[in-house]
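What follows is a set of structures to go through.
Look at the two complexes coming up: chain A is in both, with chain B in one and chain C in the other.
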Partner chain A sequence: MSSRSEAITCEFCIALQVRVLYCITGASSLVLKPKTTDDVSRIMAHCDKRHLAVVPQGGNTGLVGGSVPVFDEVVLSTALMNKILDLDEISGVVTCQAGCILETLDDHVAERGLAMPLDLGAKASCHIGGNVSTSAGGLRLIRYGSLHGSVLGLEAVLASGEVLDCMSGMRKDNTGYDLKQLLIGSEGTLGVVTKVAILCPSRPAAVNVALLACNSFADVLKTLQKGKAMLSEILSAFELIDSASMMAVEKYLHLRNPLSSGEFYCLIETSGSHAGHDEEKLTAFLDSVMEEGSVCDGTVAQGITQQKDLWALRERVAEALLREGYTYKYDVSLPTRHFYDIVVDMRRHLAGAAVLGCYGYGHVGDGNVHLNVTTRQYDADVGHRIEPYVFEWVRGRHGSISAEHGLGFKKRDFIHYSKAASAVAWMKRFKTLMDPNGILNPYKTLPE
Partner chain B sequence: MGVLGPKMAFRVLVGCKRVIDYAVKVRVKPDKTGVVTDGVKHSLNPFDEIAIEEAVRLKEKKIATEIVAVSCGPPKCQEVLRTALAMGADRGIHIEVPDEEYASLQPIHVSKILAKLAAQEEASMIIVGKQAIDDDCNQTAQMTAAFLDWPQATFASKIEKTNGDLLVTREVDGGLETIKVKLPAVLSTDLRLNEPRYATLPNIMKAKKKKIDKKKPADLGVDITQHVEVLKVEEPPVRQAGVIIENAEQLVSKLREAGHIQ
Partner chain C sequence: MSSRSEAITCEFCIALQVRVLYCITGASSLVLKPKTTDDVSRIMAHCDKRHLAVVPQGGNTGLVGGSVPVFDEVVLSTALMNKILDLDEISGVVTCQAGCILETLDDHVAERGLAMPLDLGAKASCHIGGNVSTSAGGLRLIRYGSLHGSVLGLEAVLASGEVLDCMSGMRKDNTGYDLKQLLIGSEGTLGVVTKVAILCPSRPAAVNVALLACNSFADVLKTLQKGKAMLSEILSAFELIDSASMMAVEKYLHLRNPLSSGEFYCLIETSGSHAGHDEEKLTAFLDSVMEEGSVCDGTVAQGITQQKDLWALRERVAEALLREGYTYKYDVSLPTRHFYDIVVDMRRHLAGAAVLGCYGYGHVGDGNVHLNVTTRQYDADVGHRIEPYVFEWVRGRHGSISAEHGLGFKKRDFIHYSKAASAVAWMKRFKTLMDPNGILNPYKTLPE
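Let's turn to the complex of A and B:
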């Protein structure tokens, strides 16, 4: 192994093995921190020869246990692969190693008037390689699309140690099969992403954040439709916080809800190049929804600090629920009209169980709801009442049982609720083809 | 305005300055004549926001009868007046100062303007932020009081009205000081006075219909000739990295090297 890299054992292992929301712990005793693609290639070749299992790990902020070892797999951390290699101002393409932290990349491209095309709560810790490997969604997907669109090129090391070079800075490239699409979202089971080239949009010069209160979910849908129609190209986020989630951030984190009424809260953000133009559109939109009664109260942030405070009401819900007890987390995609039905049905379904609360919040703009159920501590009975009911419910609406979090360790066995058996069979064939010895992130993503 | 009966008008004048937003990373211009303001997010000076909030609370307690927000500067200042109106101020006054002259506008000019306005508007109280977060001058309240020969209560963290006086708790080095000042008076706000409200939609809409009068400093007989010339603006020196020292001998030799000891 290259002497330039580091092999660290003992105390680092504990930190790297405990999943961010305290659910899963593995028992690895070796963490490797390569610095270059070549290092990764030698590590994988060695492990493949000796049939040693490897868990690629970025910021370890995943929510389905995809980045932690289950047994004694070797942890391959991208922490030291954090070089930004290039930024093309004209095309807006940033090229970097997989271990760059998302926020660091965003700060870097900001200096050239650009922004990273995704944003999520874990931005200060997550690595771009991990984001790409899980095809992270985030808060602004309705504006900037998914990583399947914004990743223009990537480089990955396969199980054998072979370097798969799919690097490109081209917006359009129809030369053969687009292999990188297979790797995006493959959760480190088909290859270790080592380099990425990402298309960055212009950084908005004018940002507005508004929090609106609605009395019913039907009103939320009306507001959403109006927002898409009237705010149109400047709409950059449309998030939902239900009243239970709002009460949680008020109670456990002492955050301030500026609105006094409302069953549902919509956090809306606009991003554009011209403050006057955006304000005019926003004012017209607010006038319209207030007049027709779909919005009963609301506020527009005055200043950046108020914008951050309003965003915190949405971004810190998960943290607030952690304070309540153990959280059963579900991240599902549904037809937007059914977004909140799952929460209502789950509440009804769990009535009488030892449940503290049932919460629904998330990306109502793209139909992705975060359903959370809390109990005092982990309760297997409650777990069985929720699953597989929740997955069957989602299947019934032809939704996805994991919108953006991925399958990882926790949800691998539920893949058939959202994917046809034949599709899963082909996934397994690809896995066998690319990782014949099954050393890359075993026990993850695909069922046994 | 409705009939007030025996109660007198209690008009509060609130100074509102448009400054670079608190959360923005400020950059010095390459020519070192100032900081970059083009395309940079601006908002109402946080301490002035606290002043507006306090004035609105006084009105809600039926102590104040009218709140007039004042801002001096180029047309963009109307943005902060709109914020003040959305929070509950009744009307605004924009003292028009064009960009070139605004660059050299100082607290001494602003305080003369506020003093003249207070007389014109028959104000019972002037409240401003203790300082603006761009220049950190902390002078306007004090100078305004001097020009009017009114009492001043600065760094207020609590304001109570008792008959014709105000009981004001001030934040001072070493603790809190409570003083009684006769009205009319000039106050400046400190951080812990209150937590400003969010402007809610109905009020934001109403604010668009509220009046903003325009005046020029000359209309008030105030001369805003430049008093101060900025020679150079620089970033603070980059913090030097520290050095970790192994033992006392090394410390002594390093101190000697740097010339701190013989």
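Let's turn to the complex of A and C:
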């Protein structure tokens, strides 16, 4: 079996070092597809004994090279670990193997009036084990919180082959250290997640999607604050598309912006249990923000097709920018008041550079901005003007240089911009304790 | 300075071993009250060097002896670390020192339309650092989730005096291992929490409280499922009081049960942003459960006074049982369908013993039952009939022997009933790595 990506040998990697930083491909001469936890345990024990490096791989949808072999690591794919083991309809807890695809799980729990507590663009192919290992965020974190809250139980195989059993279907369990939390977001460097138990909320009976135009980012902030207050418990997404990003989806993907003008576009979604109440709340909110002038134009989707069309304007920005040329992608968290400052500042900073555009979009409700810069083709000079400038900028505002994409291979050496030296030192100590031979997903997460 | 509790010397402790298991008191000849993280750091460095054991202490409201010195440990009180450092009104993140009292914080964020994401009986005296260190659950976990989800940043001083800086006000930060999670719920055995940043939800504009009577636990389950579906996003508490507990608050505290009959009483709270909508949802829900017959009687509180009166019926059960005699207290999580089976089974199991009553109440919406058994006075024979039987029973249903109270001193040796041996072994390794001299809260959490 072979990995789906092209080969990069050690020499090749060094030769293409700069390119590798922006576009991760990798190869392995061995891809193993275990079916059970015991299979994983035996694989890990064997590899640990022989000091063979292993890359755990789920749906391979990550954006920082976390699931890609760097040299010749053995790929351990969870593709065949796809059994749904249990669904407790009363508590709403679904238990499954790590290789279950997020969308498959969501369809399964939907039959019982439940929803998975996360949703992301890659849902049709990403594995829940990968979601948990990378602490995936996504579109509805504003409503359902992070996986640190919704993962109730976890089983992982450690580097030695030992099975760490932290499985529980209980919402409350205060019996000692919550070890599973260390695995959530550790990108497969501490263990291979093999099973999870996740709390699912009630599936909303009614969903509304609106697109609103604002003339300034100050108006976006006013709209966000009013939305949190007036839509409160039914607010399930508050996303931003700047006018440059909107023009990109119109130009490259021929999508239609239903609003006539605006510097910023807010995509707002409500999800609730009562269609009439939700519509009333949304209408009152829209009346209020139009009246006070923070929103200059807006539309509410009529039916699912229109909802999908509005969502496409936000979800397909990255795809549109790929058509423009090479994209320098940054996924950062900032205090919400600085959310868009980074885009404005980057435009100023890159004035005169061979840059096609500088774009800002993302999860403004969570303070998570996707900053994208495009050039006709990869340009090392532009890269060096952006980095480490962008990371220093984020550090200066106490933000995070990786809000939801993780560190993987691409960003591990920038960890110091977001983590204190003491925290990085402790990460290394935990890594050494749990994986003394360093076989689990080497060259990822931890800095050189 | 001296600790508020009576002295237990080493010999005394051995002599009173059985009693100590049920009623934790302790003493120290030294209580230190640092004001800053730097003070804590210097205290810990000094104590570590001299191998002096330290008990971190917040509001001292725990129920398992986690904050009480067992022998002669130095008490490190967070009482003077009570500064609120920041409140970001847009994101809703409050940042403060560990010694802030929960109620003070809630009052502070209320001025900006926000609420603390946890609420518990001890809110007027418990410290937020203690809440985080014990992963406190409380009354509204069903709505706002656990502290593993809502604590965004944390600073702790480790045994060596090193400051572990995991402070962040970001909702999303995927830059490496989420180390702060290890501190949440570790009961001060891995570090002294000195600062936290917590995400606060919007403060609800409308609150409704209803008390419903059901004739069987099967009906309680039907009511819970319907409540989760129909009240969904506005459901903020779903609590249970069995008829024995209800009679106890009537008998010992002279509280008035407004309903005429019922084997079980469900206290349901809704919190939302629109009073009219919430009332409509609640009415529709009540009509539905009355019509299908799963609820035989019910009342909705009119005004805050009546709401408090209904809440008192649930919140004061423990206090009522103290008036009856000695109380054997268990705080366990179970799959919801087994929630009340443990009470029924314990009554059967204790038939013929000198027991006054066997009571079940608690957070049925979270699967967290408080099982209380009363005797006229402490009776070792009864204790031995209950333990380890109760823990074996919980283990048999894959529950947790401590849902929200923690392990502390009282329950640490029962950890194996809820944690796999591999998990306990890893807890010990982490403890040894982070506190090699074992000075931080010894005799707590980890088994002998």
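The rule we apply is simple: the second predicted complex is superposed on the first by the 425 of 448 C-alpha atoms of A that agree within 3 Å, B and C clash if a C-alpha of one lies under 4 Å from a C-alpha of the other, contacts with A are read in each partner's own complex, and residues count from 1 in each chain.
Simple rule for what comes next: a residue touches a chain if its C-beta (ideal position, glycine included) is under 8 Å from a C-beta of that chain, and two chains touch if they have at least 3 such contacts.
All values derive from a computational prediction rather than experimental measurement.
By the document's definition of touching, of the two partners only chain C reaches A:Leu179; chain B does not.
Residue contacts after overlaying the shared chain place A:Met290 against chain B, while chain C stays out of touching range.
In the superposed pair of complexes, A:Ala351 makes contact with neither chain B nor chain C. Once chain A of one complex is fitted onto chain A of the other, the partner contacts of A:Ala229 are limited to chain C, with no touch recorded for chain B.
In the superposition on chain A, A:Ala380 contacts neither chain B nor chain C.
Of the two partner chains, chain C is the only one that A:Trp426 touches; chain B does not reach it.
Once chain A of one complex is fitted onto chain A of the other, the partner contacts of A:Gln306 are limited to chain B, with no touch recorded for chain C. Using the contact criterion defined above for the overlaid structures, shared-chain residue A:Cys166 touches chain C, although it does not reach chain B.
Touch counts on chain A: comparing chain C and chain B, the chain ahead is C. Here chain C touches chain A in the complex through residues 88-92, 113, 134-135, 137, 141-142, 145-146, 148-150, 162-166, 168-179, 181-182, 184-186, 190, 202, 204, 221, 224-225, 228-234, 271-274, 277, 280-281, 333-337, 363, 366-368, 398-407, 411, 415, 418-420, 422-424, 426-427, 429-430, 433, 445-446, going by the rule given at the top. Every residue of chain A that touches chain B in the complex is listed here, in rising order: 205, 212, 256, 258-259, 286-287, 290, 295, 297-306, 308.
Taken in their complex, chain B has these residues touching chain A: 21-24, 39, 41, 43-44, 46, 49, 83, 86, 195, 197-202, 204-205.
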